[in-house]
Amino acid sequence: MEGKGRIFTEVDPDLLRECFRSKSKKLTNKVTSVEEAVRVHLHDGDYLAVGGFGGVRIPTALLHEIVRQGRKGLGFAGHTATHDCEILAAGKCFDRCDAAYIIGLEARGIPKMTRKYFESGAVECTEWTNAALSWRLRAAAMGISFIPARSMLGTDTELHSAAKEIACPFTGKKYLALPALFPDVAIIHVHEADINGNCHIRGILVSDQDLARASKTVIISAERLVPIDFFRQDQEKTTIPYYLVDAVVEVPYGSYPGNMPYEYYSDEEHLQEWLTAEESPETYQAFLDKYLFGTRDFSGYLELCGGTHRMRQLRDLEYLRKPALERSEGTEGEGTD
Amino acid sequence: MEGKGRIFTEVDPDLLRECFRSKSKKLTNKVTSVEEAVRVHLHDGDYLAVGGFGGVRIPTALLHEIVRQGRKGLGFAGHTATHDCEILAAGKCFDRCDAAYIIGLEARGIPKMTRKYFESGAVECTEWTNAALSWRLRAAAMGISFIPARSMLGTDTELHSAAKEIACPFTGKKYLALPALFPDVAIIHVHEADINGNCHIRGILVSDQDLARASKTVIISAERLVPIDFFRQDQEKTTIPYYLVDAVVEVPYGSYPGNMPYEYYSDEEHLQEWLTAEESPETYQAFLDKYLFGTRDFSGYLELCGGTHRMRQLRDLEYLRKPALERSEGTEGEGTD
Amino acid sequence: MTTDDPFLTRKAEYNGMELLVCVASRYLEDGASVSVGTGVPVAAAMLAQKLYAPNLLIIFEAGGIAPLLPTMPISVGDSRTIYKAIQATSMTEVMDTLARGLVDYCFLGGAQIDLYGNLNSTQVGTDYRKPKVRFPGSGGANDFGSLAWRTMVVTPQSARRFVPKVDFITTPGYLDGPGSRERAGLPPGTGPYKVITNLAVLGYHPESKRMMVESIHPGVTTDEVRANSGFELLVKEPLGITDPPSEDELRVLREEVDPLKLVIGREAK
Amino acid sequence: MTTDDPFLTRKAEYNGMELLVCVASRYLEDGASVSVGTGVPVAAAMLAQKLYAPNLLIIFEAGGIAPLLPTMPISVGDSRTIYKAIQATSMTEVMDTLARGLVDYCFLGGAQIDLYGNLNSTQVGTDYRKPKVRFPGSGGANDFGSLAWRTMVVTPQSARRFVPKVDFITTPGYLDGPGSRERAGLPPGTGPYKVITNLAVLGYHPESKRMMVESIHPGVTTDEVRANSGFELLVKEPLGITDPPSEDELRVLREEVDPLKLVIGREAK
């Protein structure tokens, strides 16, 4: 069998080698603004991949800015894409998608307008699985144009993928050759970064180490900027090395309303409000006008959503603590942050 | 072109899946002695792979014990194998070898008796490169029987490998298919382990994450045992998870005379003494009788090599400190450990 | 599974979700590994850990390995899935682990399931470019259904969901029947294991690989089970009656596993 | 490379190893990446960093990335290679990085080199099963020679080492000449770049891919360079004379890079 789907990205590793060759390996200040990072590095028609896990450690500020700047015709890696997919669909930003997990918000439900966008025919999909996209990114990270795998075989998922069946030259066993996935741009939210682009991620990595390696351009948003010695003093902290990164922005609470492990939990109420707003085009437009288009930047969005008070609650939730107001001052070891 | 060399290990991933399936995923006490770990888990004829980088973070205690127990007919992964190769060659333990880097001690020189062992015809070699063995282990870690790569092409290294040329089904480009490498037994030295086998490695990993995943049986030696909460409280510490591990031994200075990053530097004088001893069969036999066969266990070897005094010097070297004796007590922040 | 359980006298003591969780938990033995999603599967795995399988290795596809779950996760990648975990790794490494044969059980769901256990979570309608309804797609489901040793499905049962042929095979069951997984190239020995519904526990006939009722839940009739399937269900002889939740199971489930009733407070249908 | 340097008056001011290190260092530009081994290459990279290329990215194949080298490493995997490094990763990831085209320069050596820059570090003799002398083999050399953009060789020069055909091609140079790397499947644009010996700097003819003398070191004659090669060397016209080490280079090399004379205290042959 041979998948009938289209490959949306370049797979020739030699073209990618030329591209990676031209990247500077200098330690330089790459700090910029969210607005500029998106304006300079992401163009209409580019293929975009988003780090994190849909509603966990997502670069929300960058995603909102992509919509606000009206980026169109993007390719999109639907690799457990949940709230990130929802945001980009709100802007009708993409028109082709490698679909492993799209539309849905896991157990929370399926947003109607986002689903409609996919059902409308406006988005050309090629089917994959979570593992397939992970392995496609790994192939790219390895500088090879394909990698053998054993899932998808025998299914319609395979039929609507762009994979091809091959035989192992040693065992004769059947494999699916997955084409490498080299995104044009990756946007990844991390816990700490320095000005050069060295990054520290805590908790689950999903595919972000490989994603940073596989992408032609990498934009990082970080909860906080740290000095380079943060990494030089403990190399276990370097999840992504600087020479892969093109731009760095500092965005506290940058994954909100997503969960940022060890920092703050997801805002389920706001996600529910978003989901409910998608019930009709009218309610959705009003919602988007208020939260997305009516705000100049991400800090405006955070304010609309409850500001520092709400963030404090989400931090309490993350740490499984009683709400701050219920805590008597001075009696808790954890303090009040 | 098709490599003329032999594949020394099973490549059928389904046989390996059956093997991995039978491993228990229980958290149980796997602590044992060096003697028992080798006796129970490594058998004549097994294929052995050694963690670390030849003279860096090597499981010396386990290597000595393999020689002392007279294990024979092993297969051996010569993946930048330097002092580890030298020890096993001293015991004539292996008779086949995947050779990427063997015999030599990097810039230190080439030990004569070890070289002679390889030149004698007693060892059947298949040629590879460091990357090829790394990628073969990664293929095994991925549960696939082959992986495409672009080195070795066009050389005698390829001709004497066991790789096969294939074409990429997407680009038509030529690749070398490398067969997965599933060792029977891996021995790996780590900084910290708990009784269940969770392991923390600091500094360079070489291929040890994949090696632990690829091997049917994994024996860990650790500088020190720590409680399981060491890992549960900070998951960044878990380099190797417990369910991959079969036996754990605690061996302080277990990489000596190799370098253990952040712990102690290599003992270049002792390595030089070993190298010099290899000048003739007689001097070598005397050396081995004294250091290897004349000692009951690794602590006896450490004593012969200068004991705690020497270890203290190597720790000073590692930390680029003046020797302890030259330090005036109480004036150095680092103290006396 | 025994048939002599006085289920009628206990009928009011548990709801449908509690039954699903308790029944599912019994299939997970100590020392096994299981990949779980949110909802019933994670509740079942937690219950199993507390009652029968203290050493059950719980794996989340996004990277969480062996957490001490403090509460139900909302996402299979959220903070709860790595709370005091042994490891927080990558999805890639979890999928590698799966491919190497280290995952014994997985739990999956779908909008449709057919008589060979094939699952559809991609779309309603057979025109791929113009689906009647689009769903999220495979996620990791196809990977687990392809590479885990035993696939369990926990699902509400209805004739709309249990169809003779799914519109889209997202995740492989036994595909077209005996031998077809092997012909497709999937690893031998893997495949559908149990389907646990609000009405019954179903398995697969060892030769024909067709779905087969193994036990019906207390208070349910065979006709009901049949009526709620769009294809003919084989029925095991003798047919068992599912053991209802024990008091121990219910207590631990309600007090320790899901005190906030996030799962067991929902409707079983 | 200029020919007007009064090298004779400086002749005693540096030794052969110092010359090798200084010359090699000049080929590494700022913002480039280089994979180095122990000895001359690491000294050259350190010198380049201190003089011309503060942002030279130094990579060690065992996993050390961008360390602040406090002293010469003894092994390419030892503690020094990760001292205050940006990253301590795996060999696998370094090799991936190499394969993706992120390594600009590498330094290699070998027991034999031929007119196309092919290197032998595996054996003397052509019978693989019964070598006359066995060497360590490729290590990472073949990988770097295959996948780095530019391969540099620093080696003593003699007719025994510079042979018409190496006994064993461990690491690819231009193989059989023009086009043969491409035919073998190696990535385009890669290959041998410079050979720096105790006598001269050599490059490769752009069309024929044959080794060609580009400049001879101060005090060395073209005849000497030719006599110390087992194959006919092309000679660039006009032939340059290698710039001898500058006072700056020598000072930094001796005082900062290698104060213990671990490299520059050795014999150049």
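Here the chain labels run A, B, C and D in written order, and each chain numbers its own residues starting at 1.
Note that in this section a residue touches a chain if its C-beta (ideal position, glycine included) is under 8 Å from a C-beta of that chain, and two chains touch if they have at least 3 such contacts.
All figures in this text were calculated on a predicted structure; none of them were measured in a lab.
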Report which of A-C and A-D is connected by more C-beta pairs in contact. A-C
Compute the distance, rounded to whole Å, between the mean C-alpha positions of subunit A and subunit C. 29
Distance from the mean Cα position of subunit D to that of subunit C, given in whole angstrom: 60
Rounded Å distance between subunit A and subunit B, as computed from the means of their C-alpha atoms: 38
I'd like the Å distance between the centres of subunit A and subunit D, where a centre is the mean of that chain's Cα atoms. 42
Note: subunit A residues in touch with at least two other chains are 13-14, 135, 142-144, 149-150, 173, 175, 202-203, 235-236
Scan subunit C for residues touching two or more other chains and write them down. 82, 88-89, 98-99, 147, 187
Does the chain-touch network form a line, ring, star, complete graph or other? other
Here the pairs of chains that touch are A-B, A-C, A-D, B-C, B-D
Sites on subunit A touched by subunit C in the complex: 52-56, 78, 80, 82, 99-104, 106-108, 110, 115, 118-119, 121, 127-132, 134-135, 137-138, 149-157, 160, 165, 173-176, 202-210, 259, 261-262, 265-266, 268, 318, 320
Can you name the residues of subunit A that touch subunit D in the complex? 13-14, 16-21, 23-28, 141-144, 198, 213, 228, 231-233, 235-236, 238, 241-243
Per the contact definition, I'd like the list of subunit B residues that touch subunit A in the complex. 7, 11-14, 135, 142-150, 164, 166, 168-171, 173, 175, 177, 179, 202-203, 235-236
Please give the residue numbers of subunit C that touch subunit B in the complex, ascending. 30-33, 55-57, 65-66, 68, 82, 84-89, 96-102, 104, 147, 149, 187-189
Applying the document's contact rule, which stretches of subunit C touch subunit A when the two form their complex? 38-39, 60-64, 70-71, 74-79, 81-82, 88-92, 95, 98-99, 118, 122, 128-131, 133-143, 146-147, 168-172, 175, 180-181, 183-187
